[in-house]
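Take a look at the structures listed below.
Two complexes are shown next, each including chain A; its partner changes from chain B in the first to chain C in the second.
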Partner chain A sequence: MKNAKLFLISLVFVSLSNSVLLAADTASVTLGKVVELGCHRLERLVTLGKIDESFLTKINSIQITKLQPTKPTDPSFKVVVTQYSGADGTANQVDLMMDANGKGIAQTLRAGADAQNAPVWNDKDAVSLVENSLHYIFESNDSEIKLFVTGLSYLRLKQVNNDRGEKSARVQMNSTDSSKILEITMKEDGTVESANTVNP
Partner chain B sequence: MSLEIFKLAFLLMISLLVSSCTYRKEKESDFIVSYNQAMLDKVSYQLINQRILIPNCISCHDSSDNVNLETYSSVYGHIDKINQVTILNRKMPKSPYPALSKDKLELLATWIHVGAPEKPLDGSDLPPVEVEPLEPKFSSIKKNIFQNKCFICHSAGKEAERVSLSSPDDMIKSPLEIVIPGNPDESGLILSILPGARKIMPPKKSGIANLKADEIEIIKQWIANGAKD
Partner chain C sequence: MKKFLFLFFITTSNLTHSEVVWYPSPVEAYKLGEVYPEAQRLLFAFDYGHALVYEKLMLKKGDIKNPKDLEKELLSKVFNILNNPPHIKMDEGDIAPNYVYKFPLIINLFDWSHMLHQYVLDVLATSEDRGPLMIARINELYEKYKSNKSVMITDECKSMLFMDGHYFSKSFRRQFPSFNLLIWSYHWFQIRLYEDLLFPTKMERDVAVAKTIEQFKYLISDLPDSAEFEMMPETAIEAPSFAKIFPKIPAAFDNNHMLHDIVSDMITSDKVPTEKLRAEALRMGRMAQDPEAFKTKKCNQYNEYNK
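For the complex of A and B:
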């Protein structure tokens, strides 16, 4: 009887510790992929009317943090999407909590002032431009660019003029796997014009 | 002066040479469509519809903004254009849809050659087409909707393979929440096919017709019922 109890306790202990380990270790997607899934989640939340459409048009930056889940239901990633800041310096922000596969499990809206001086995009919206830059790095075979797929930690979208004076979109990416910054410049339709790594 | 004329003549010769090479290459890689003599008095709209229009054309040419090819009168009204873009120019079906096989091209050419009749000239007829009703089951949705309008991009090796629609499990497990059993209103599949969707599927650039209201309703029912096999 005592042995049976001991066996049961060990069984429970083993299964609990396994599930904790499993929760911490099953992050099967890259950080870049989670950010892309975060963009899709953003679009879904707008479609469902849970967040404002300005999150598609006025994005300024996206930050991703890998979390340390202690149970299977805990999120594995936190993706923070920030709009251009408003008159008082605050900005609308949404925190997306994602599971180990990059599926959205919760979101928290942090209201700030309405974005001021956010660039106007004439073809694709801001979130689609960010997605295009991510698709570009996923498809790249360049080993230096791949570091931004595996270790992406932050990206920022801004409007610049290219060599011909045309309005372009530039996404700057930081990676925990690289000391450099990746700059991807696109036309307004999302076509990539250049991708370069630069020193910070 | 004479040197310039010589240069011009030389350039003209080179360009003529290049264009003739291209022309020959096109001719060699092509085949000539002939008529299927055995089918001259047997071919009919019904046969063409079953063998060619439904499997190859209707996914784009239904009641969408494109030319409608769902009825005999509509097809007959566009017969010259069909002949031109399908048989003479081979511009249809458009990529990514595969080109018509030689047999299908010959059958279509034969039908047009005999005047595109609704019924066979010998008076015979095919048995009526048994239309399988669309049901809120994955097998039915897959066969009647996904096969025609989605798998051309959403399948292995194709442009949108990462968004798999090949099984209920794939769609339920996807981080994109393609299907949320019991909740059609928040399922990505439904949100992307509704008229007015931001990035509507099939995408406009594909030329594939949007899903019809009854097709959307059936998919909704299937998801509401738990999205099982």
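For the complex of A and C:
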């Protein structure tokens, strides 16, 4: 009986300790990191068949908005993933609602027309290219680039030709912490070729 | 002629795979099983499950017509093992000869790293001292791990691009999502045990381990939905106290776990033909050992990104 009591006390103690650990983990994450976690969420949703595969291959842009939660269950971020638009000008979209740690808690699909003229990528899919560009800014020591980790608000993926005429991926990023646009150009395999800030 | 054939056999079999040995074996080796038999048997089951799946996928390489059906079949085999886990460590060579042949370096890296995993758990589960002596003993084992450079997976932090940045990456997770989540649940279980076994009293450790076993069972109860991982679980996030006390060990474990995913991706990707597999596996194994490859200062901890 005594042992059972001790066991129950320990159970409560361990549960409380875990809650404390969880609470310690709830530090807010950067906007750039939330977008990366949004990409992971998107991949999981596609892999589990909850949204269409075109969300991996035909992404055009990702927008992130910081929300003002009023209760613990409210989302802290909204990440909107938009595909290339279709014939009527509308586009498939998914809104990902994320908690304070950047974990996906809900999603809403907004159906549009099937993407037209979305670039074809031979090596990596569109979402992996976006992830590569995000990893690049996370690893950068450049103070100007770091502003796009902390304040990332919007990114757009497009296909360009480099000066050798090869197909390249370019991710353009906007940040609330910078008046400039960051352009990251990658080979189709996701290797970064250049990163420059330009005036809008 | 017989002598020549014998010598040829000995030479080629050594080239194929030579086992790594931790000598002398630590006095605590496999004592985890005496204190927490269910946890230890699950760890044995994971090794068995990994080898079994790799072998099945190797045999089916290039001929997987219906990944969904194959995943169902593989899961049913592995759940049989998880429901009746082995009492001893199985030899991968017995379960997965094709896999062992194609991945000789990686098998040695896994073996050496798994020994460190196991012995750290053994010490945490059984040490009478819960402070400096226990920490010193684990650091001693860690030094031994680091001394064998030829089979050591680096303890430098690598970014997740080590796992996801190759031309064959994500193949396994996209074709076999439930199985991938099962493997991530294994990894979660392994690293969560480090945190549980750091509790100061035996009673607290018992409760924590029991809770982790229950959570693990829940995670795999209704795959893929029951395991909500969106990325591979990381040691410093799931076992923060352990990571604080032993700051270099988490990266060594995470690199090991990423290498498991890399193996799964190479085996299942059509972009890696069978004849290229052995060479690519060597290249990836060397990359896992190379402290500079995919090195990151962020240590894969997302809270670090805020600094």
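One rule holds for everything that comes next: the second predicted complex is superposed on the first by the 173 of 200 C-alpha atoms of A that agree within 3 Å, B and C clash if a C-alpha of one lies under 4 Å from a C-alpha of the other, contacts with A are read in each partner's own complex, and residues count from 1 in each chain.
Note that in this section a contact is a pair of C-beta atoms (placed from the backbone, for glycine too) under 8 Å apart; a residue touches a chain by one contact, two chains touch by 3 or more.
Bear in mind that the values here come from a model prediction, so they are computed numbers and not experimental data.
**Student:** A:L37 in the overlay: touching chain B, chain C, both, or neither? Say first, second, both or neither.
**Tutor:** both
**Student:** Check the residue A:G102 against both partner chains and state whether it touches chain B (first), chain C (second), both, or neither.
**Tutor:** both
**Student:** Classify the contacts of A:L48 with the two partner chains as first (chain B alone), second (chain C alone), both, or neither.
**Tutor:** both
**Student:** Touching A:E131, do we find chain B (first), chain C (second), both, or neither?
**Tutor:** Only chain C is touched by A:E131; chain B is not.
**Student:** Considering only the touch criterion stated at the top, classify A:N196 as touching first (chain B), second (chain C), both, or neither.
**Tutor:** After superposing on A, A:N196 lies clear of both chain B and chain C.
**Student:** If you count the residues of chain A that each partner touches, which comes out higher, chain B or chain C?
**Tutor:** On the superposition, C touches more of the residues of chain A.
**Student:** Where does A:S179 make contact in the superposed view: on chain B (first), on chain C (second), on both, or on neither?
**Tutor:** It touches nothing on chain B or chain C.
**Student:** For chain A, what residues appear in both contact lists, the one with chain B and the one with chain C?
**Tutor:** 29, 37, 40, 43-44, 47-48, 101-104
**Student:** Chain A touches which residues of chain B in the complex?
**Tutor:** Residue positions touching the partner: 173, 175-177, 186, 188, 191, 197-199.
**Student:** Per the contact definition, I'd like the list of chain C residues that touch chain A in the complex.
**Tutor:** 159-161, 164-165, 167, 169-170, 173-174, 177, 199, 201, 203-204, 206-208, 211, 224-225, 230-231, 237, 240, 296-298, 302-303, 305-306
**Student:** In their complex, what parts of chain A are in touch with chain C?
**Tutor:** The contact residues of chain A facing chain C are 6-7, 10-11, 13-15, 17, 21, 24-25, 27-30, 32-33, 37, 40-41, 43-44, 47-48, 101-104, 123, 128, 131-132, 135, 138-139, 149, 189-190.
**Student:** Help me check something: in the complex, which residues belonging to chain A touch chain B?
**Tutor:** 29, 37, 40, 43-44, 46-48, 98-99, 101-104
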